[in-house]
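Everything on this sheet refers to the single structure shown next.
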Amino acid sequence: MTTTQPRTDPSSGTSGPTLRERWAEGSRWWNARSRPQQWGLLVPVVVLIYFLPVINPPIITTEPATDFSIALFNASVFALIAIGLNVVIGQAGLLDLGYVGFFAIGAYTAAVLSSPDSELGVRFPWLVIVPIAMVITMISGVILGTPTLRLRGDYLAIVTLGFGELVRLLADNIDPLRGNRGFQNIARPGGTYPDGTPIFTQNDAQGFYWLSVTIIVIVLLFMGNLERSRVGRAWIAVREDEDAAELTGVPTYRFKIWAFAIGAAVGGLSGTLFAAQVGFVNNQRFDVTTSILYLAAVVLGGQGNKVGVIVGAFLVSYIPDRFQFEPEYRFLIFGLALIILMIFRPQGLLGMRQHLLTYGREAYQRLFGAGTGVAPTGLTASSRGRGDAVETTPDDHAGTSPRGGGE
Amino acid sequence: MVRRRLAAAGALVAAAALVLSGCANQGGGGAAQTSQAPAPAQPNNAALPAGNGQGKCAPGTSIAYVGTLAGQNAALGQAIANATELAVNQHNQANPGCQVTLVKADSGGTPDTAVGPTQAVINNPAVLGIVGLPFSGESKAVGPSLNAAGLVNITPSATNPGLTGNGWTNFFRGLGNDAVQGPAAAKWMKTKFNPQSICVIKDDSDYGIGLANAVTQALGPQVAACQGNVKTNQKEFSATVGQVQQANPQAIFYAGYYTEAAPLVQQLRDAGVQAPFVGPDGVKDEQFVVNAAGSANGAYLTCPCVPQEGFTAFTQAYQQAYGVAPQTYSAEAYDSATILLSGIDKGANSRPALLNYVKTYNGQGLTKKFQWQPNGELSETPVYVYRVDGDKIVTDSPIS
Amino acid sequence: MSEPAGEGLLEALEHMDTAERAEHEAEVSEKVAPDRAFEVSAGETLLAVDGLTVRFGGLTALDDVSFDVRRGEILGLIGPNGAGKTTCFNIVTGVYRPTVGDVRLEGESLARMKRYRIIRAGVARTFQNIRLFGAMTALENVVVGADARHRTSVPGALLRLPRHRREEREATEKAMALLEFVGIADRAADKATSLPYGHQRRLEIARALATEPKLLCLDEPAAGFSAVEKDALSELILKIRDDGYTVVLVEHDMRVVLGVTDRLVVLDFGRKIADGDPDSVRRDPAVVAAYLGGAVEE
Amino acid sequence: MFLDRFWANTINGLSYGSIYALVALGYTLVYGVLQLINFAHSEIFVIGVFGVYFTFLALGFVPGATPNIPIGGIIADLVLAGAVGMILAGVAAVLLERVAYRPLRRRNAPRLAFLITAIGASFVIQQIFRIFRGSNPEGTIRLLQPDPVFRIFGAPVTNLQIIIILASFAMFFAADGFVNRTRLGRGVRAVAQDPATATLMGVNRERVIMITFLLGGLLAGAAALFYLMTIPQGAVFNGGFLLGIKAFAAAVLGGIGNLRGALLGGLILGIVENYGQSLFGGDWRDVVAFVLLVGVLMFRPTGILGESLGKARV
């Protein structure tokens, strides 16, 4: 049904389409579909994801060692974090090594606003906590971003690493945050099954899993809108070449702050989800290693690819849980998996992939006729992301000091 | 030129590697325990896992150890898991009619990693009772779901008083809590040193903070004016040493675990601070003496645990099975497992039955007499003081 | 944008007759330069460079240079290597701030303006070595240029408000027209990195035009071109000027410069040594000396 | 309280700072040459620590009380243990580069992939030590009892501190001399500034990278000896992580890629950390370190002495 592009050479007949060509062909077909059609085709996949804990498939399940719905819930929270971090790293290209700070702020907000241990003595319902937590993390994202976003590349990474550590250490030392003792029975969303048992409990994480998958679908829709707009284009432009973006009229500083704020909000949201399910928050989990694990999920999945980072997040959260039965070796296996995966798929499993035009499909089809799709960028790592050898030396006239231009 | 140097380096490394591999076995290991002070002999009527050998139970009946195996402070969890396993093995050898299986779940030692494995154990219907969870933090996190499942659990080591304040009906503590050990230690220090000032230094764990508060209240504000804070995994304590030198106290009470207590006492002694060093049960461990590089000599250790020198049978069986002497809380874990196993032998084949059995249990274990109040606290909690003499921990006197 | 009738525009173009083609061309140029102020008063000053001095540490790259650019003309900025052409070009386009002196566009000083505001004020530029957004398609690159004029921000895009949709539609159509205008419409869907060198140069020009500039600055656009491509480029530059844009051209290739520019400013060692129409400047002894070396009368 | 302990804190800070500095040198060298944040360097340090510890065991020392052997014997044992620690750490660093980073460089992987591999490698090394040596710190073996040799303004300066500070400065000058004055050192600087051109000029890039990692590992091994002398309870699988991050902060503080910067950054971090600790209390030590880092970077991103070797990847 697809009309080949007028100028691509006909695929070589002899060896038959290689895997890469078949993948590109499939992607071209997929991209020719309109966005509602794409979502329509995805429904069966989403339904399967919803029922995963119920089916409890034999090999995949982590059952004897860890409860499968809890493992799935942890993976889904990880996926939500990865989507948020993907905005900062995958789209805007800002290397953030302290992202766990926002997750911690979200979790602590939920704890302080609802746990009986908190000195505020209030117990907000969970649905009220989520927007408050997102606003607080957005503000902290802007507070962190405003001074630091003048820095670029590795310097930004180092300052954000410092920020993440500071949040953890402050959680340790500020008495009201109760350091290691932490906060107990944090508010959970209400709602009961028809037979009266509460949906959202600590031991049965199925309800929570469905809630977080629903949130992921909503966040993906919003991210899709942002991607196909001036905002998404500005981010990719900043990632590809910040100076050229500025000199093409993109207010880079403002959009970098927006990227931080949105990433922080999603981080805060996943913090509240985590706090609600476990029902207990203390300072033990918010360290640099966790930040870098989030980074691993984004890089493993393929930076700049919303669906890819979900797959990456699932792997990073699932592998240690899956090898729970082998407690001695699970982190060793995890470390080896990271090294091996990076050697064979440095640009990530699914590679970069984004569509930046709301009416891109119609435009291409108006030019080339119906049924045209655009081969995804997934197959080619962006020029900017290449290793140091091929990096095009920046035009020395437009100096790229760490200070950079912008407001 | 470089090639030659690298070759030479390679040879040296090979030689060094040879030397090292020869002896990289499990070096060290404390000297065997030899009893010195007049410790009570192993109580002759102590219940043992073997029971009367007539135990009957359905195949597949199991009890579980839920606690850290590979995560933080894994050594503490390992000591409890080993003692539980030893009890189960001894029980199975003695009771052909009732083979109990031990399920081990690695909680990772932190609240959020404990939820998954604990839930898996709850979902495993064969498990009737749990020995665990070792730490107060993770116990707080999973307490509600264990209580909802009605699965009885006896913790051999979590001493935070708050755990029994949540109205859980299935939670039992196999040893005295901080609210018992704290005042007892304070009273003993007052009589022993008649101090104007004692420095109470605590780490940032549930255990440390809970115990420090109990001791500070018992000592009174002016005696315990000097307060110090350290962090878990902290290794350099010059600030705390400086604070102690400034206060020049008659004694120093450290509320925390031995991993931090050892370097602290060593740096205190190096800086010339000679005030007696007192630590709780978290510090009473072979490794404390070894890691303090000789500075632990003369330190006092309070512990709601009965001296282990008495029950040589358990110590030898543990040493023989695991090559290491039993550590803190091993004996308490052994007793807890024995109680669960004896319940199963007496026909408790369901969770409510075993829960009820433990609730009404009244018997003598290795470490103490086990009888619980409704909220899960032991009715009788002996507290002993031990002393580091050279490189061994010896019994000093009972103080409860 | 009506759903295409199955057959693409490009195929349709092949078998259009001249009337339909002319009408289509008009439609394209309407989109490319919609609201240009066409009443070109004779030589009214668009951009004024006034007493410009730039020092990098000890080095004085530009020394008290002044010239102006008149609306609707193509000004050539030439000089031997190291004369300060590119530094001057970078000051005008906001890459550097002047140490002394000022640059005014329609009377408004650009010296202290933020880079993206300078673009919004109406100055657009291309780069000596191409700096396109590699991971984007050609069409997306041009739409980024068009975004310079847009107001939509995160809330608008998140909820796809009417203004966002309108701006998106306009930008996509304008970008398609611009790709056709510079002659690379057939590569609209390809990644910028996969385009041949010549096309990438034209794409940069299209992206610059997308910001609806008053002044288009071209930084050695003919570098690396063959003779045929140079002629085509000159033709394009003239077409841009005829569409109402003012162009500043920094270029080494004298054949292109002389074939296209209305006026020349010559720089040497950071000082302006000549300013006038191409023929008189060519014969100016100072310029000849600057280029060919030999005694330079101070 | 703060003032009368000022000099004690300063000296203590200097001895700690020099340990940070030696580890920071490893980070700075690798970043200078490859623009790579080598997170696994803290585990190379841990390999050095275990190397020193096993040499003590091999020399017959048993964990527990501090033996009293004539000073000559102790110095010889310390030097041998230090040498083994340095060599093991050096070889491990080269192996790490060969196994984890080289395949990525061959495939021109994006720089984030290097970060993930680095964290993967640090997981692997940590877990190997945890599986074989358990998760508890090794028994304490201390050869040298610290006792004051002289006093500055009343603050005792122990023999331990003197040895560590002097030996670290000696190590630093050796490394600085190597990079700035030898032919190989020129190769390192050339590859740092412009790898492509350096290779054209006949510099064997792979060998320079190997030497950079080797040098970083040797220095980390030396730091390991001094660390184990100061904190005998330091031999544990995750002992290196926080120290590694702080040493990296010191490297950035001094100016990433700048050897003298790493030394200065390390000393400053050590001293300021001690001041902060005595001012605000023991548990504020790490907070002070990171506030200092973020503060300096905000106002002077290229660090105190500015970038050298290669430019930071911006």
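Per-chain residue numbering starts at 1, and chain names A, B, C and D are given in the order in which the chains are listed.
The rule is short, and it goes like this: a contact is a pair of C-beta atoms (placed from the backbone, for glycine too) under 8 Å apart; a residue touches a chain by one contact, two chains touch by 3 or more.
Since the model is a prediction, treat every value here as computed from it, not as a measurement.
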Stepping chain to touching chain, what's the minimum from chain A to chain C?
1
Once you count every C-beta pair in contact for both, which comes out on top, A-B or B-D?
B-D
Compare the CA centroid of chain B with every other chain's and tell me the farthest one.
C
Using mean C-alpha positions as chain centres, tell me how far chain A is from chain B in Å, no decimals.
41
So what's the Cα centroid distance for chain B and chain C, whole Å?
76
Whole-Å separation of chain centres (CA-atom averages), chain C against chain D
52
Please compute the C-alpha centroid of chain B, do the same for chain D, then give the distance between them in whole Å.
35
At which residue positions does chain C touch at least two other chains?
none
Touching at least 2 other chains, the residues of chain A are 172, 328, 331
Give the residues of chain D that touch two or more other chains, as numbers and ranges in rising order.
283, 286
Okay, what are all the chain pairs that touch?
A-B, A-C, A-D, B-D
Note: in the complex, chain A contacts chain B through residues 63-67, 70-71, 74, 172, 179-182, 184-185, 201-203, 205, 274, 277-280, 282, 284-285, 321, 324, 327-328, 330-331
Of all residues in chain D, which touch chain A in the complex?
31, 35, 37, 39, 99-100, 103-105, 107-113, 115-117, 119-124, 126-128, 131, 195-196, 241, 245, 248-249, 252, 256, 283-284, 286-287, 290-291, 293-294, 297-298, 301-302, 312-314
In the complex, chain A touches chain D at residues 89, 95, 147-148, 151-155, 157-159, 161-163, 165-166, 169-170, 172-173, 288-289, 292-293, 295-296, 299-300, 303, 328-329, 331-332, 334-339, 342-343, 346-347, 381, 385-390, 400-404
Chain D residues within the chain B interface of the complex
1, 5, 8-9, 12, 16, 51, 54-55, 57-58, 62-66, 83-84, 87-88, 90-91, 130, 134-142, 145-146, 158, 184, 207, 211, 230-234, 238-239, 242, 274, 277-278, 281-283, 285-286
The answer for chain B against chain A in the complex is residues 69-70, 72, 105-106, 110-112, 115-117, 119-120, 122-124, 137, 140-142, 144-145, 148-149, 204-206, 209, 231-232
